[in-house]
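Two complexes come next, and they have one chain in common, chain A, joined by chain B in the first and chain C in the second.
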Partner chain A sequence: MSDKKNTVFLILQDNDDARPIIESVEQDNPEATIQYQPGMVRMEAAGRLVVNRETVEENLGREWDVQELHLNLISLAGNVDEDDEKFELAWN
Partner chain B sequence: MSIEISAKSIQPVRLTYGNLEERFGGKKPSSRYQEAVYDVQPTANFQYRPLWDKDHELYDVSRTAIVMEDWYSFADPRQFYYGTYNIARSKQQDVAEHNFAFVDKRDLLEVMPEAVKQAAREILVPLRHVEWAANMNNCQITDECYGANFSALAMFNAMDRLGMAQYVTRLGLLLDGNETTSLDAGKKAWMEAPHWQPLRHAIEDMFVLDDWFELMVAQNFVLDGLVFPLLYDRFEKKLTSEGGATIAMLTEFMDDWYKETERWTNALAKVTAKESKDNQDLLSSWVTKWGDRLSIAIEPIATKAFGENGVNELAEVKQALLARLAKQGLAV
Partner chain C sequence: MPAKKLNLRKRYGLLTRGMGWETTHQKMDDVFPYDSFEGIKITDWDKWEDPFRLTMDAYWKFQAEKEKKLYAVIDSFAQNNGQTNLADASYLSAIKLFITGVTPIEYAAHRGFAHLGRHFRGDGARIACQMQAIDELRHQQTQVHTISHYNKHFNGLHDPFHQFDRVWYLSVPKSFSEDALSSGPFEFITSISFAFEYVLTNLLFVPFMSGAAYNGDMATVTFGFSAQSDESRHMTLGLEIIKFMLEQHEDNLPIVQRWMDKHFWRAYRLLALVAAMQDYMLTNSPMSWKEAWDVYFVENGGALFEDLSRYGLKMPKYHELATAEADHISHQIWSVFCSLGNATGFHTFLPTEEKMAWLSEKYPDTFDQYYRPRFEYWHQQQKDGTFEFQKGLPQLCQVCQIPMVFTEVQTDPMQISYRVTEHGGDKYHFCSDGCKDIFEHEPEKYVQAWLPVHQIYQGNCGGPTLPEVLEWYKFTPEDIGNYIGSQDHARWQEWTGEDKEVKQA
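Right, the complex of A and B next:
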């Protein structure tokens, strides 16, 4: 991370439900770093981090509501922009 | 006294089963789907050949002309195994039950124009026999195919077909106040009416196909690809415009089911055709063969359903099907 102030992160529980989401973050945000910590997974990126509904659905094999993300959410940093299609973190 | 709390991370020695480690590298925990499906079917040490088929082992790759290096190279985009399949279907069943109860409670079929009811009796009710045949065919595929992700999905498909035959039956019963009049008439039409005979003939020819993959193509790619968009989608839209929205409500499952199943057949066509030129040629020739045969067989029904527009509607549906399969790499 070149500019620490600019960092956004998303932390999810490390469980079966969250795995397809983590995979999607990896696919859609090649710049993001993924850290596996005890019981949780921290996904960090400079500037912007996005979870796309479509990618998660592909990984999960069924329809997925973006709000299901919150079931496994531990913490996040950044301003949230959430709609039917995506969940996006960025600093405005 | 101070207590120091620190998190200690314990890495498991193995994240998944050995067979999945070999396949996927074992760097990540496997999904339930992978654990439930991959390498489940026995591949060796079949002591005896089955009495009914001395030329093949119990599970035998040579039961089809399609050749795959790895029969597990195909993954279901829906990731269906017993658990996910049942959860998905149970949700849909709740919706369907609710729809049936609603239509019954409000007597919605009473107010529907008689012409629409008659059209549903003549076109939709005999489809329960088509669904039953599809059940037979998918049971056959389950029996002869190779690899657990073929057999499991074919069996799920077969069960879906029984479910859909039951929905059609219930629709038929509701149409006549729980009398079996239209079911009997539907059976008679299926057995005797000239416009159903070409389709019945084609389906009965499918019953005796030797190659299970050809049967898969004929039934799940081509026949479904014609019947579902034509009758459960287009024909029901026509009924809706004539005051028969209630019918669409009772067969909503079929429409949703087809959209979902399309993802499976697409993935299957794509992976199989990509494997080799021979596979691609074989698949393409089967699609052409059954596409021609079945579209001719369905034509009289299309004409009965849509009048003189029927031929056009069917041609459009067939075109869409071929375009979809061509997109997966088939030469059709």
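Right, the complex of A and C next:
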């Protein structure tokens, strides 16, 4: 049984739209672990995980609205804080 | 020069606030008659905020895009005979249970949120509930559209909504959703958005849908994950509403805790069906029920309740028992279905050697000791031609309505867990302390339960014999019984060749 206490996670569909977002998560959250499961990608970290608009835009090569994340989102855990610059998950 | 676009916070503020007003011709309590009788005290509705800050314009834009993606896949699946790429046609039993047991709950959730979208006093909360009402209707519709393709080729998918209202095992999800729908608005949202969607829905939509992908069901994984993208928003709403209630007034805590305890247990019992889907009905399972429980409840739920402990909210009552039961319930529920497969709208099948080896590996403490002998015994009976389905009807729990098959896993896993209480001179029976507690808190509600077995014996279900009851369910003889020898099986063999190894015994 797991003894992890404060894991937050973000699960996206395993598709082309999600790839630059996954890369951004890896760049901006060095502690995060990325697990590939059938049809999906699960990114998890202790306490906090962030998706930054700027990093995604660099990876994607175009403007990116943080709310586009909705299109490929499967699930998440943590308190959500979203604005124009970032999408953040955290346990207090 | 065009005006600079407003930022997300400002847009959200402008598009979700000031949409309501203090009424003067009618009293506010008459306009919103349902949001105070439960005892939840709200002092400032404006403190309620959707963390996604989703506004109607963005909602339409993103939902339209999701729909386009999904329907492109559905078209392509149909045009390319996607059904022939399944791991095995027996897998469709899970989809038959899904469309009859889960899709109608989506519709029930739509009705509930439409009601809340009218009846919450705060305009921000009303807007979030309106969006969710549309989401839930979308889920029901996209599931029917997607699965209708299978209905062209396989049995048992023809009338899910009729069956939801009548069939013995479908009264489990029906009673769960009607319990929530017949509560007040705050209890409804605690039940559906928090207990079900936040704490437990990942167990249904994440590993099971990943399992659909793993078994070649491109259609189901696509609608599943498309629905899940909305579900993430619903979960966030569920957490927000819990925090909102707890922050608004300290008197709300005991009420919320009791709802949490009740609806966790109700939703968890319902998911016993999903446990069987995950471990037995998926031809190949990417993750066992127990593994999923550990990740999505023990770990994720643990972090969630740790976070909520600052408000004084505790882990739901009997969560330790639920974790102990994770080693047992999928085997117990699949055994019930296999022994009553003459009355299920999907085909039943015994686990193959390969599947049993997987189950032994995933359940080292329980499968070989308690459940393998039962399946091997039935295998032998099938070989000898002596296997028979149960003739009698099972006793049902008065609250969750599941047959009394759960056992005392913490003390004696071979002993049926059986609880009883008296009310108004009658005895009522339960599968667990969790269900008994729920009854004892609101006996007047649960004495009215429509228990399918009682209804059959009272003559309210088409007639006294099994064929009459099945006809009343609109189950045809082709829908029921063993997978091997069924029309579905024969059709699958036509497509894949007689010599192909049978994946299910």
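Here is the rule we go by: the second predicted complex is superposed on the first by the 89 of 92 C-alpha atoms of A that agree within 3 Å, B and C clash if a C-alpha of one lies under 4 Å from a C-alpha of the other, contacts with A are read in each partner's own complex, and residues count from 1 in each chain.
Basically, contacts are C-beta pairs under 8 Å (C-beta built on N, C-alpha and C of every residue); 3 or more make two chains touch, one makes a residue touch a chain.
These numbers were taken from a predicted model, which means no experiment stands behind them.
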item	value
Contact breadth on chain A, by residue count: chain C or chain B	C
Partner chain(s) touched by A:Arg19 [first = chain B, second = chain C, both, neither]	first
First, second, both or neither for A:Gln37, with chain B first and chain C second	both
First, second, both or neither for A:Asp83, with chain B first and chain C second	second
Partner chain(s) touched by A:Glu58 [first = chain B, second = chain C, both, neither]	first
Set of chain A residues, in rising order, touched by both chain B and chain C	37-38
Residues on chain B engaged by chain A in the complex (per definition of touch)	7-10, 28-29, 31-33, 76-80, 84, 88
Chain C residues touching chain A - in the complex, by the definition given at the top	7-9, 51-54, 58, 62, 65-66, 69, 202, 205-206, 209-214, 221, 225, 228-229, 231-233, 235-236, 239, 286-287, 294-295, 298-300, 302-304, 306-307, 310, 323
Residue ranges of chain A touching chain B (in the complex, touch as defined)	16, 19-20, 37-38, 58, 60-62
Touch list for chain A against partner chain C, complex	1-2, 4-9, 11, 13, 37-40, 66-68, 70-84, 91-92
